[in-house]
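Structures are listed in the sections that come next.
Both complexes below contain subunit A, partnered by subunit B and then by subunit C.
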Partner chain A sequence: MTTSTPVRERRRIKVPPPLVFVLVLVPFLIEAVGVFWPAIQGISLSFLRWNGIGPATSVGVQNYTDLFSDPIFLTALKNTAIWIVLFGGISFVAGLGVALLFQSERRGVAIYRTAMFLPIVFSLVVTALIWGAFFQPNGVLNNVLDAVGLHDWTRVWLGDPDTALYAVIIAALWREIGYVMVLFIAGLKALDPSVQEAARVDGASAWQRFRFVTLPQLRSVIMVVISVLLIDSLRSFDIVWAMTGGGPFHSTELLSTYMFSTAFSAHALGYASAIAVVIFVLAIAVIISYLVRALSEEKES
Partner chain B sequence: MTSTTASRRVAETPAASAPRPAIRRGSRRRRAATAGFHTTGILISFAWFLPILIVLITSFRTFDDVAKHGIASVPKSFTLDTYVQAWNQGGLFPALVNSMIVTIPTVILSLLLAAAAAFGLSRFKIPFRRTILLIMLAGNLLPVQMLLIPVTRITQQVDIYDTLGALIVVQVAFGLGFYTFVLYGFMRSIPHELQEAATLDGAGVGRIFIQVILPLTRPALAALGALSFTWIFNDLLWSITLLQSSEKLPITAAVLSLQGQYVSSWSVIAAATVVAAIPSTIVFLIFQRSFIGGLALGSVK
Partner chain C sequence: MTRKHTRWLGAVGSTVLATALLAGCVATGGEAQGPKEGPDSDGPLILQSRFTDAEKGGLENLVKIFNDKGEGTVKINSIPTSTFNQQLPSYLTSKNPPDVYTWYAGQATRDFADQNLLLNLDSVWDTHKGDFPENLAKLSEDSKGTKVFIPTNNYWWGVYYFKSDFEKLGVTPPKSWDEFLAVSTKIKGEGVTPVTMGLSDNAWLASAWFDYLDLRINGAEFHQDLLAGKKSYDSPEVKKVFTAFGQVLPFMDPATLGTTHNQAISDFSQGKAAMYLLGAWAQPAIPADKKNDLAFFQFPIIDPSVPIAEEAPTDGFIASVKTTKPELAKKFLDFIASAEAQTELAKGQDGTALPANLRATVNLDALATQGKEMIQSAKAVTQFYNRDAGDAQQTPADTALTSFIANPGNVDQILKTWEDAAQKIRANS
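Up next is the complex of A and B:
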């Protein structure tokens, strides 16, 4: 627009036309009004006692101090920790395992991969219903146990506080492992195959090649997968809500489900906001490290 | 990009192992390895397909058959009444319509707005553009639980609570950050010469965006479109938060409440589950390649 001298350097127009600012500002403002403004409100709500209808009273940090003497909150916190370790941990290991198994293009591998990630397209509610048929009192699992003579092992899997949480985690894993596999396969394919070959020529065993060549090269993908799994764990709601609603006796209660029922069944809006802020605080380290990574990669290129 | 490295590796493997002296023993071992690979692959795929298969089969069985012999038994009946019942009494058709009314505008609006923001941020020197991008991405990483109560209040204040419009607005605002981030990365790699040539030809910002940049961004838009379709179509949390009237519920929430009504009739619930899973499965099958590329997009890039 200003000059026509051919310059090889990346050349940008000095002052962008006003339309450009409109294109950026409109989406930004929509997100500001729809996400950031409510998020700030959510924090300030957590210092109130309010049922949504009557007048709200300011209670300072009492909602937060109450949380730690609330046995249901502590159960939800413990279950969220179990969820992160089992759901996150098994998704990671199994996802990496199947990615290594199905990484190379060979006959049949496309079908195996499709089987693994088909569940991703189903909603968590559909997943919950599918696995509900599996864990119901007269469902698949009990039918099979009966048929092989293990009648003593049968139980109401989703109605028993000892097993319900693990049954829900199995259903959630079925859907998550394929997703983690996709992330790892993309990472594995971006690696330079000649490094593997060099290690092979040097006589490194398969395990040594994995441990000392593949794993270090995968570091940035591993970080991504860990952040994705942590954020997914903290956000998990649908599958628990659809399978057990947090019960029986709060044995499958996660922070997210406890927050929801506190807000929309018990109408304790201030207290529920405090739970939401706790979830946010737990997520913030992950969010910041994710953003730092995004920023550094952005600068690099 | 990834497929070229993959095919190169496939081409290298036989060439690298050919000059080994013990060819016959090697080939026998390789045949055993191949058999092992396919056995594992088939077993894993079967385990992953099995829950889907059971629900599919159950959905075509009569109530009496399932009640008498159990879900895991060999089917002795075939019926389509389950689908008729779920469709008519379960109200699946209006629920599917509701889902489409929410999903299609949300996908189009979010991608359009995100593309506009990404275009402005990636192609022009806007002050603080990196900060703007990261703030937008951060909004998408926030735990949804923080937003539930404030957003419900705001929709009540502006009188759109319990409308499908509220769902569209909220989902657009919440998804924008991620889509902008991914599209930004994609648009930045488009050569600047194209934009300069168009500028010299007298094209304005709007024309460059619509006629030069958008067509080149099509692969990323397809990937994000397929992904966001399934995400929004499958959403449960926002619909049960912002909607009250049961006739406004999208399919995911409707199927869940159906489960409450037909507690004992597994074949009807199975039929409803199949119906709820069909639209996103179709989108997945049509856009399979972009879909999987999209899953890896936000993380590996």
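Up next is the complex of A and C:
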């Protein structure tokens, strides 16, 4: 008892050095001006009707109620869900698969790894150009299909509402898989090989070693990858914008592209802000629910 | 634990409070600020330009001539066209906006002028009485008749083709709609795509077909009323326009929705497609060795009883009402309006622009002469869909026209959706 009192006493009067205040306050101010302030403005804009030049009028929650009777918004919402499942899911599975395949140091494996990683060095707009040329009506894909006698399979890939979204997802995947692979390889390299060895000695099959030894050890990397993929899916914009602009007739519209065109082509800033708030809420909800689960799991173990 | 909770609650509470406080602070009021009084402030006049590298030569030359006069300095600030178009509202409403801008005549300018964002240019127009044709004066005014725009040039739209291709295909430029359909049938029979369009990255090009079909079937007056919201897109008149557009679809490249404009131009230049409805701005994209072969014909007449109207989009300049150098801005725009400047500007535009000032002297090539005569003989002149209806209306138009190309059978639903979207945008702005 007597020993603890002076410690407490000392702690109470201790003032952190000014440097700490500077280190906390300066980033906070930068963040406040660059992130919080615009975000708050966005939220307050979403209750207005404003074209950016005239006086704004307050419309309450009408922008939000309008959203759910707006067929383009519903298409964009559906496409965003498809995007998260296909783009996120395939990137995850394929990235992990390729990482497992290329983790061991064999002769020439570095070439494959580099080849998988290479697409990341291109900007998304360049990626869009390359894939645009691939998918165009007389482009590589249709020519190959023609050459192997599959003329019936040829399509106007980016101009057909049934195929355009998937064509864009393929282009986005091409770039994302290499990135996810690198994250997983880094995780795999950090694992202790003796654990694998022990499992092998105990007679575990390859699948069992993967399922019960490798995967649990990768948990923290998986958490990072899933967060990255979710955020990447929700903020996907550039590749869609560059390849289709959300068309043909809104069939490839994501929430992000619809928000952009509503704000800057239709000049409906209030309505666009409401879309932005929806994206924000979705992102926060997905990330928080994921983090809560991941953290509670960590606590259990 | 409880202490942590209190801290959390405190943080959340203050955030909510801050939100509530700040929400009232967003600058969303329409500021009706008057022009600056007194002498101009120092520094160069900033000219915000959307001209691409290919177009800006003439403008740079103009600015140089003006700067050499010693009346003040003008500095060009070049912005990529699409960024410029999206950001212009932000420029004009900012606290210290650039002074002078390149822009489009008509509704596109009126939208800003009616919010008191543009400098009154009546005095510049007064010194140039008689220099500009009457129809351009109308296009340069706000709703109350104040001049806010200085026109520099306009251009024409036509159905472009190559003379040698038409000869090979054995067809001559059609004058009437029936002739146009007959020519298209003949061309298709020869295994060539009659009509092309690059809609995958330039969906707005389809509006040229809509504009012209509406002008030819319902006339300019109906067209303007429709675009202004006085008539509706699901009316029988517009249905007729789409019926005519449906007659063109079998002759159109089936891949048009997935084709870029560059690809379409390349197909057209290589003779894979015979006709392309374009504005004169597209001429420089034609390969140099085919330029002499290029020709265009007036959009075919559908109903001879409808007075002929042509699209003649007009470009020019506006100035911000908040400029700190209104005198210099007017001096510069006065120079821009002069025959001397417009002659100079036209030189840099590759023969695809007709000077607005009637006294400007330019050597027009065959196409430009034809275009000028076509516009001058027209009973009415329109701008283009987005310039007449307002930029915000372009997206629903693109949606309607491209979805009609994909599903022509859906026309009633498409027109209904278009009307709803157009009304919503009008209500929102």
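The rule we apply is simple: the second predicted complex is superposed on the first by the 257 of 301 C-alpha atoms of A that agree within 3 Å, B and C clash if a C-alpha of one lies under 4 Å from a C-alpha of the other, contacts with A are read in each partner's own complex, and residues count from 1 in each chain.
Just so we're on the same page, a contact is a pair of C-beta atoms (placed from the backbone, for glycine too) under 8 Å apart; a residue touches a chain by one contact, two chains touch by 3 or more.
Predicted model only: the values in this text are computed from it and were never measured.
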Could you say whether A:Gly132 touches subunit B, subunit C, both of them, or neither, answering first, second, both or neither?
both
Quick one: classify A:Ile279 as touching subunit B (first), subunit C (second), both or neither.
first
Could you tell me if A:Ile287 is touching subunit B, subunit C, both of them or neither one (first, second, both, neither)?
first
Applying the touch criterion given at the start, work out whether A:Gln41 contacts subunit B, subunit C, both or neither, answering first, second, both or neither.
both
With both structures superposed, pick whichever of subunit B and subunit C touches the larger number of subunit A residues.
B
Which of subunit B and subunit C A:Phe264 touches, first, second, both or neither:
both
Common interface positions of subunit A, toward subunit B and toward subunit C
37, 41, 43, 45, 132, 136, 138, 264
Enumerate the contact residues on subunit A facing subunit B in the complex.
1, 4, 10-14, 16-17, 19-21, 23-24, 26-28, 30-31, 33-39, 41-43, 45, 98, 101-102, 104-106, 108-109, 111-112, 115-126, 128-134, 136, 138-140, 143-144, 146-147, 174, 178-179, 182-183, 185-187, 189-190, 193, 197, 200, 221, 224-225, 228, 231, 234-235, 237-238, 241-242, 255-256, 259-260, 263-264, 269, 272-273, 275-277, 279-280, 283, 286-287, 290-291, 294-295, 298-299, 301
List the residues on subunit B that touch subunit A in their complex, please.
2, 5-10, 12-13, 16, 37-38, 40-42, 44-46, 48-49, 51-52, 54-55, 58, 70-73, 113-114, 116-117, 119-121, 123-126, 129-130, 132-151, 153-154, 169-170, 172-174, 176-177, 180-181, 188, 192, 196, 199-200, 204-206, 209, 230, 233-237, 241, 252-253, 255-256, 259, 266, 269-270, 272-273, 276-277, 280-281, 283-284, 291-292, 295-296, 299-300
If you look only at subunit A, which of its residues touch subunit C in the complex?
37, 40-41, 43-45, 48-56, 71, 132, 135-138, 156-161, 244-245, 247-250, 261, 264-268, 270-271
Using the touch definition up top, name the residues of subunit C that touch subunit A in the complex.
18-19, 22-24, 26, 28-30, 86, 89-90, 92-93, 111-112, 115, 117, 199-201, 203, 254-260, 263, 391-392, 394-395, 398-399, 402-403, 406, 417, 425, 428-429
